[in-house]
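Okay, got some structures for you below.
Below are two complexes that have chain A in common, paired first with chain B and then with chain C.
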Partner chain A sequence: MTWLKLVEGYMPMQMITELAICILVFSIINYSLKRAGMGLPKFWAGIFVWCFVNLFYLKYRIYPPIPFSVRAIYGTVAACGIFMWVSGSQQEWEEFKRPIINVLDAKTGMTKFIRTALLVLLPIGLWGFAYNSFLPSFDEPIELRTVHPAPPATTKVHGKTYVLQTAANPYRINPEGKYDQAYSNAHIVSQDMGRLMKDVNNPEDNPWDPNAEGYIKHVREGGEIFFQNCHFCHGDNLNGRGLWAFAFNPIPANFTDAGTIAQLQETFVFWRVAKGGIGLPGEGFPWASVMPPWEQHLTVDEIWKVIMFEYWHTGYYPRTWE
Partner chain B sequence: MGRLFNQMTRGKKKLFAVSALMVMGCLLLLPIFLSITAVAGGGGAPAGGPPPEVVAAQKAEGEEGEAEKVEMGRDVYYKTEGPAIGMPAPVTEDNETFYPRYNFESRVLLWVANQQHLYYGSFVLAVPIFCMCIEFAGMVSKDKAMAKKYDQLAYDFIKISLTAYSLTAILGGILIFTFLTLYPAFFGYLSSIFRPVMHIYALTFVAESATLYIYYYGWDKMREGVLKWVHLSMSVILNVIGTVLMFLANSWIAFMMSPAGVDEQGRYLGNIWHVLHTALWNPLNVHRILGNMAFGGGVVAAYAAYRFLSSKTDEERAHYDWMGYIAMSLGVAFLIPLPFAGYWLMREVYAYRQQMGITLMGGLLAWLFIIQATMIGILFLTTNYYLWQALGRMTGGERFQKYIKYLVFILVVGLLVFITPHTIVMTPAELKAMGGQQHPVLGNYGVMSAKNGGINAIIMTTVLSFIWYQRGNRVPTVSWAKFGNIFMGCFFLIGQLNNIWLACYGYFIPANVRIGLSVPQVAGTLSCLLLMTPLNLAMLKNGRQLGPIRWGQIPPRSQYAIIMLATAFTWMMGLMGYIRSSVRLFWHVNEVMRDNSPWAYTHTIGFAANVISFNVLFFWISIMFVFWLGTLGAKKVPVPSPAGQPVPSPQSATGH
Partner chain C sequence: MNEIQFDTGHFEKRMVMNETTTPGYGRRGLGAWLLSCGLLMAGLGFTTTSHAEMAEGFAEGSRPAPPSAEQVEAGKRVYFTKCVWCHGVEGAGDGPGADRLWPRPRNFNAGTFKIRHTASGELPLIDVDLFQTVTHGLPGSAMPSWEGILTEGQRRDVLAFVTTELVKDRSWQDTEFEEFHVLQLEKIEPIPPTAESVKRGSELVKEMKCIECHGLEGRGDGNPFNLNDDWGFSIQPADWHKCWNFRGSRQDAYNVKNIFRTFSTGVSGTPMPSFADNTTIEDRWHIANYVNHLCERDKDVDIAGGNVTDEIAAELIAAKPRGIDPLTDKPKVDFVVPSKYVEGDLPADEHDERWDLVERRIVAMGGQITHKPRNFVTRIDDVWIQSLYNDTHISFMFRWDDRTKSVQEDEVDWEPYEVNLGDYGIEEQPPGGSMFADDPEHPESIAAKQNAYQVYNDGLAFQLPIKWQELPAPRKPRYFWGDEGFPVDIVKWTADGELKAYQGAGWDVDFEDRDDFTEELKVVKAEWNHGRWTVIMTRPLKGDYEEDAYIELGKYIPINFFVWDGHNGDVGRKMAVSAFYYLVLEPPIEKETYIYPTLAAIGLVLVEGWILTRRANRRKGKV
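== the complex of A and B ==
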């Protein structure tokens, strides 16, 4: 279903809205058919809704494909929801059960046939399921990776110890030269899908402006460092799809995703950049990261600047606790 | 004259009874007063340190100018200076001296003992609170028949709790023996720090037992007039003591997670209040009170459901249907604020140690939180389902049943968002096909902003279901009914829209502001609960009744829903207990005493889930035994009175 686009930035709500519209349309059609005396029996209506949501919508509409574990969770919850719907009142429950009871009672030729067919097919199906599950699998095993392991309380970079809970980026400053997160937050790029600069004519917003000073100048310097060192993996749009990205498994972090740097304190990113994959703690099993420990290649100032650029470019704010 | 004399004698008896009870109450509360005095005074005997006479001698010596001999330490949490009078935390090694063992993992043995004690402890602390509420409801009820029903119900509740109380004490003993035999070094250290508190705890337990027995066995003696109020007051005392008991026990686990009152080496610094009042003590207290209540309600409701399903007569079914409804309502009333209390606890965890918070919700234990979210979802969905089923036993309930499908949709979508994992389990091939660790669509559901929206949507829908239930067989007849209905409809609509809007808006603002958004979201949900429920009741006052509630005429599905609710509570308690405990990772006492046993690692999710399931199963089998014991007393056949003798007046309570 590529003709109907999932619009970046609106996708989560778009998915829920589409599902709501589909269910509503189904309800209206079923209601009209019922009025005409041709309504879909509850049993089939329930099965239809479940199949539509799980076997069609979640599988073919949402792209990229949803991993099976999540579809299994969704399928189970949807089945519970459908059970709650069809058994909400005793009358509806009776209506839902009727085809099942009819088949089990087998009073007509058709129901007798279905019952017999089920008695034959069910064991065959179960046998097939068991056979498949015993077949050897050559797939790589599933690894439950801890994407954001807990950071240490302190980290030592270039001989200096940083307390992660209290340290601050020295370049996140206002024109007076004081640490000011609100000021830098106000001068990041727009957060919508285009990620545009707020005002290209304003030296406080445009890092390429020759008159840019202070915070925004440091952002430019951070950008230079990023494009000299990081963009090969993390991509020139910071979305984790650089030239080398697909040589790695998993591919590098996508900073434009709301679940990565937007969730983290700036000092967490500082620690991860400085220590790299090799510095992941025990909790970071299975340590699937090839990021180099950048403290071996960059100065502390360069690390802070590149982090600031990442937040500026993605339009996200580093997490703070105050 | 004779009548006057009799009245005076009766009056004197009552006065004597009241005075005696007051004296008894004061005696029972003595340990609490003692504990308060001890706490205020910084704790009589210094824990882990020398006896008082030695301290006094040291003081005297200090006066003579030798005070510099007392080494000072700095509190790891409060950062205050104090004399290091306790022993340092033992540095253990992996050997039989520090960790005596069987051919089995000691940690799992302790886990099971602890969890079972906690289950029963929670149950016996929660049930008296219900009894107090129900007994009070019976006393203020103007309807005599209802008053009697409430009284009987409260009695039924406490009867179940009494047998469970003995089991709690037995399990407490088993727990202490397990600690002493398998973790002697750690328990020795903990008891040296908490020495005065542990004694107060034991005394408080004695007070709790005595009060409970008086409350239970005095039920019939104190069933009229002033004595009934005295009886109710006993339940208040009982609950105060029970709560203090729980707070004291909470202080130990809070200390293990966020120690205070000791220095870096774990030496006690002489201020017992600091040891008690750690960073996480109060959030844990609040969370546990609410959790106990929800759990207790669930267990009693499950008991009623079990009795309902095994009932032979309509009367029995009607009684247990009603009992299940009351217990479930009380449980759910405490379930609703529980997520907010949990939120506060997590906030304090983050404030105490960022690493701890990330390990819990973003790192190693994050997947367990997804399981927890699923359990919370099950609780709310089951509650809604029960209420919809209950509509069926009311004439007029069918008016609302046709709209259930819309509520189902909101609940299911809310739950799907709430349980979508941030870190998805997937094969490497799926990971590659997805193009990264986060899914561009579903990844957005994995963060807190969306999850807050999801759970608030679910809770708001639950409130709506409850309002429909209240209206089941009644129609408002107040002159402003139409306006009231429109107002309520708009209120819910705006509440939901506000919730969804804030959930989306959270993606576009800094994290610290986003955390603050939970306040208006919660405020919207609580407004629906606290404003709309009374408004609905006001509208229904003197409303037209469409028919009576046909107690007992409810599908068995509803009772299975109650049993599922109770099981989900139990499973979730086990899960959260495991999470809370395992967040210390390889520490007995966080950053103070290291766990050097061979089991100082985090279990796999599968293993943890199996142990939790075992605990749940064990608890339910044992509580079924308790339920069965409860039925034994009720089966007593009254002895027919011999002809010619007066028949005694019926007793309110049975099965003494």
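== the complex of A and C ==
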């Protein structure tokens, strides 16, 4: 469905909104049809709503697809909701079950035909369904992996031990050369769509300005490292959609998502970058991650700079311990 | 006056191009094609002026208005946030990321752009061509789609900046030299893809000499290491079987119009010329239909070296496009590799009909960039796998496109089981910087080095955990040749004909030979043909439980894959790798599968009878 793209980061909100709009549209149509004296039979309306939500929306619209078991749960919830809706009053309930009773009684030729057809088709359908579920199926097993496992207290990189609670990025400095997160926070990219640098003509905001000094110059150096090493997987826009992202499972982290580096302290990121996939504890599935242990490729300074670039480019602040 | 002069100059230039770049077409007769152009254009109702040189299907386009200074300034802000990292401060395609990229980022300075609706040699349409490139990216390269990242306005702003400030040698506003003859892609009626059209296309690609670069089966294997772009950097012909990697595919891989456009306007800056001047619109559609139907679909159709018969053409037409994953714009990947049971001997070649029993799966490959020496330029990005088993053995058929057959000829200093080849001087591509980027002649430049690798063996390997039955779920051995606690069973085939079994215990631990198991392995077939390897190998299901992976039915067995392209300097850890997949040997269907559903159906009939009786009784009681 290319005409209506799901926007990354807004997907859950977008879906709730879409479903709400669908329900609203349906209610309006239903109400106006009723006013016009052509009200939909409750029975068919109920089936239609259930099919729309469960079969069409959850199955085909949501991407990546959700597993059948989850859809079954939503389907049951939807069925309960519809049941409550159609059984609001005795009269409505009677109206809802009338088509069913009619078929059971088979007073007309049409209902007789439907009854006979159902009597034959239902067992055949059940047989097919049961046969299918008895056939061994080999879907990919679901394995739940912890994305942000608990970090160690200290990490040793290039012979030096860093205490994660107290270590600080030596390049996150103000023009006086002091560690200053408030200063760097003020010079990251803007938060609106595009996440662009705040002012291309200000040497304090533009890493590529020839007069850039200190923090913002280190951001550029970090960016250079990023685009020589990291973008292959994490992507040109740091959204985890790099050149080779399609080959890997788990897919590379999306730094523009509010659930990754925005949730973490800078020292946690330092530990993850330096030790890579192989350095993860068991719950992080270290055997499956292709994340390099960057201490094998970069110096400590380069790691700090590239982390600073990632925060600058995504417009997030590292979390602090306070 | 000016215009007339320009026209003549342009005309002459074109004639020269015709003669130099595509020898042989002169013979077809200028008059003949001019006539056909005229006839067809009249037929299509184009109101073209006196441009005698305008090719069939083109019409005069309009010059874009110059952008405002504010827009250029806004675009500069976008450029220096997002684009500069690869395209460089001056737009010369020499940003910090450039040297580890292949293909390299575009150098904007000369105004040469690959994907256009405008005639060969002309500047592209900013609002159409460049805007679509920024919006959809250039698949198969590092240029991503910026849709959803930059607003439409921001995308237009950055183009305003690039086209006015970074395209330095030419200008869209240059009324003296720049004209726009635009392919009328939306107005030209496509020729439906019928078997006849596809067959005619297959003949035309030979007549037009497309196969000289793209290869007899279109896998890009003609002359793959001798082609350069305008800047002297190595470039390879497109592989028609991977339409999702076509730069001009616009996130719509199977759309034939993209091919028609590229074929009509050429790919500027590369050896791919425009064929508008010497091909009728009809013929261009036939070629586009053929190329489009070569793109991998559900069924693997053997096109017999490009000698497409009516039967093959019908098969190509019948095959259905593969699902493209909207998250990656590549074919959807299923991480389960099924293997099906066959009775008797396993297939002896790829033509055995029993391969149709089991679906082929695509294994996506990325460069190995976890440990040194990393591989930043991979030329193999997928492998197709199929598997069958009988009572004692399992067979794997691997097929992958590789433009070159590489068999190591020079002696090497290391043993096949060694993995730390850094000790022997195998190095990764340095980050570079722009020092030599402009000078492909320089022996230290990327361009010079890229085509001058020592040729090693092409190869393919896969690993299975040894004693996977005892792995505490979801634990696996490390994807990269196992680890200390969990060794892996590695089977590696190399193009010199070797198929060997090793034990791996870590990314930096030399393999251990498993000579006993090596004897049990068999290369059934290994053939490189028209840019594709077909390697069929068998191994016993069960080896020594302690040493070799012991394959059982119905279980999920972790497996992953490694590929080497010898002409790309791939050797040791310099290779392409895959994620973990699961190998599953699907057991034959059991009796219970039929019995229980039958019981359930009988039960339902009884319930139906009960409900009807009850209803009938109730009505009787009521009435």
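Following the convention adopted for this analysis, the second predicted complex is superposed on the first by the 216 of 322 C-alpha atoms of A that agree within 3 Å, B and C clash if a C-alpha of one lies under 4 Å from a C-alpha of the other, contacts with A are read in each partner's own complex, and residues count from 1 in each chain.
Assume a residue touches a chain if its C-beta (ideal position, glycine included) is under 8 Å from a C-beta of that chain, and two chains touch if they have at least 3 such contacts.
The structure displayed is predicted, hence computed values, not measured ones.
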| item | value |
| --- | --- |
| First, second, both or neither for A:T146, with chain B first and chain C second | first |
| Which of chain B and chain C A:D257 touches, first, second, both or neither | first |
| First (chain B), second (chain C), both or neither touched by A:V189 | second |
| Contacts of A:N249 with chain B and chain C, given as first, second, both or neither | both |
| Contacts of A:P64 with chain B and chain C, given as first, second, both or neither | both |
| Touched partner set for A:R319, first chain B, second chain C, both or neither | first |
| Partner chain(s) touched by A:F232 [first = chain B, second = chain C, both, neither] | second |
| Chain B versus chain C as contact partner of A:C51, first or second or both or neither | neither |
| First (chain B), second (chain C), both or neither touched by A:I29 | neither |
| Contact residues of chain A, present in both the chain B and the chain C interface | 8, 64, 139-141, 143, 241, 246, 249, 251 |
| Chain B residues within the chain A interface of the complex | 350-351, 353-359, 362-364, 366-367, 374, 377, 381, 384-385, 388-389, 391-392, 398, 401, 404-405, 408-409, 411-413, 415-417, 419-447, 450, 500, 504, 507-512, 555, 557, 585, 605 |
| Of all residues in chain A, those that touch chain C in their complex | 2, 5, 7-8, 63-64, 101, 104-105, 119, 122-124, 126-131, 134-136, 138-141, 143, 189, 193-197, 199-200, 206-208, 223-224, 226-229, 231-233, 235-237, 239, 241-249, 251, 276-278, 282, 285-288, 290-293, 296-297, 313 |
| Of chain C, residues touching chain A in the complex | 73, 76-78, 80-82, 84-86, 89, 95-97, 99-100, 141-144, 146-151, 154, 251-252, 325-328, 330, 333-336, 338, 364-367, 369-372, 374, 376, 378, 381, 431-432, 474-480, 483, 486, 554, 556, 577-580, 582, 584, 586-587, 589, 592-594, 596-598, 600-602, 604-605, 608, 611-612, 615, 619 |
| Chain A residues touching chain B - in the complex, by the definition given at the top | 6, 8, 11-13, 15-16, 19-20, 23, 27, 62, 64-70, 73-74, 77-78, 80-81, 84-85, 87-93, 139-153, 164-165, 181, 185, 191, 240-241, 246, 249-251, 253-254, 257-260, 262-263, 265, 283-284, 317-322 |
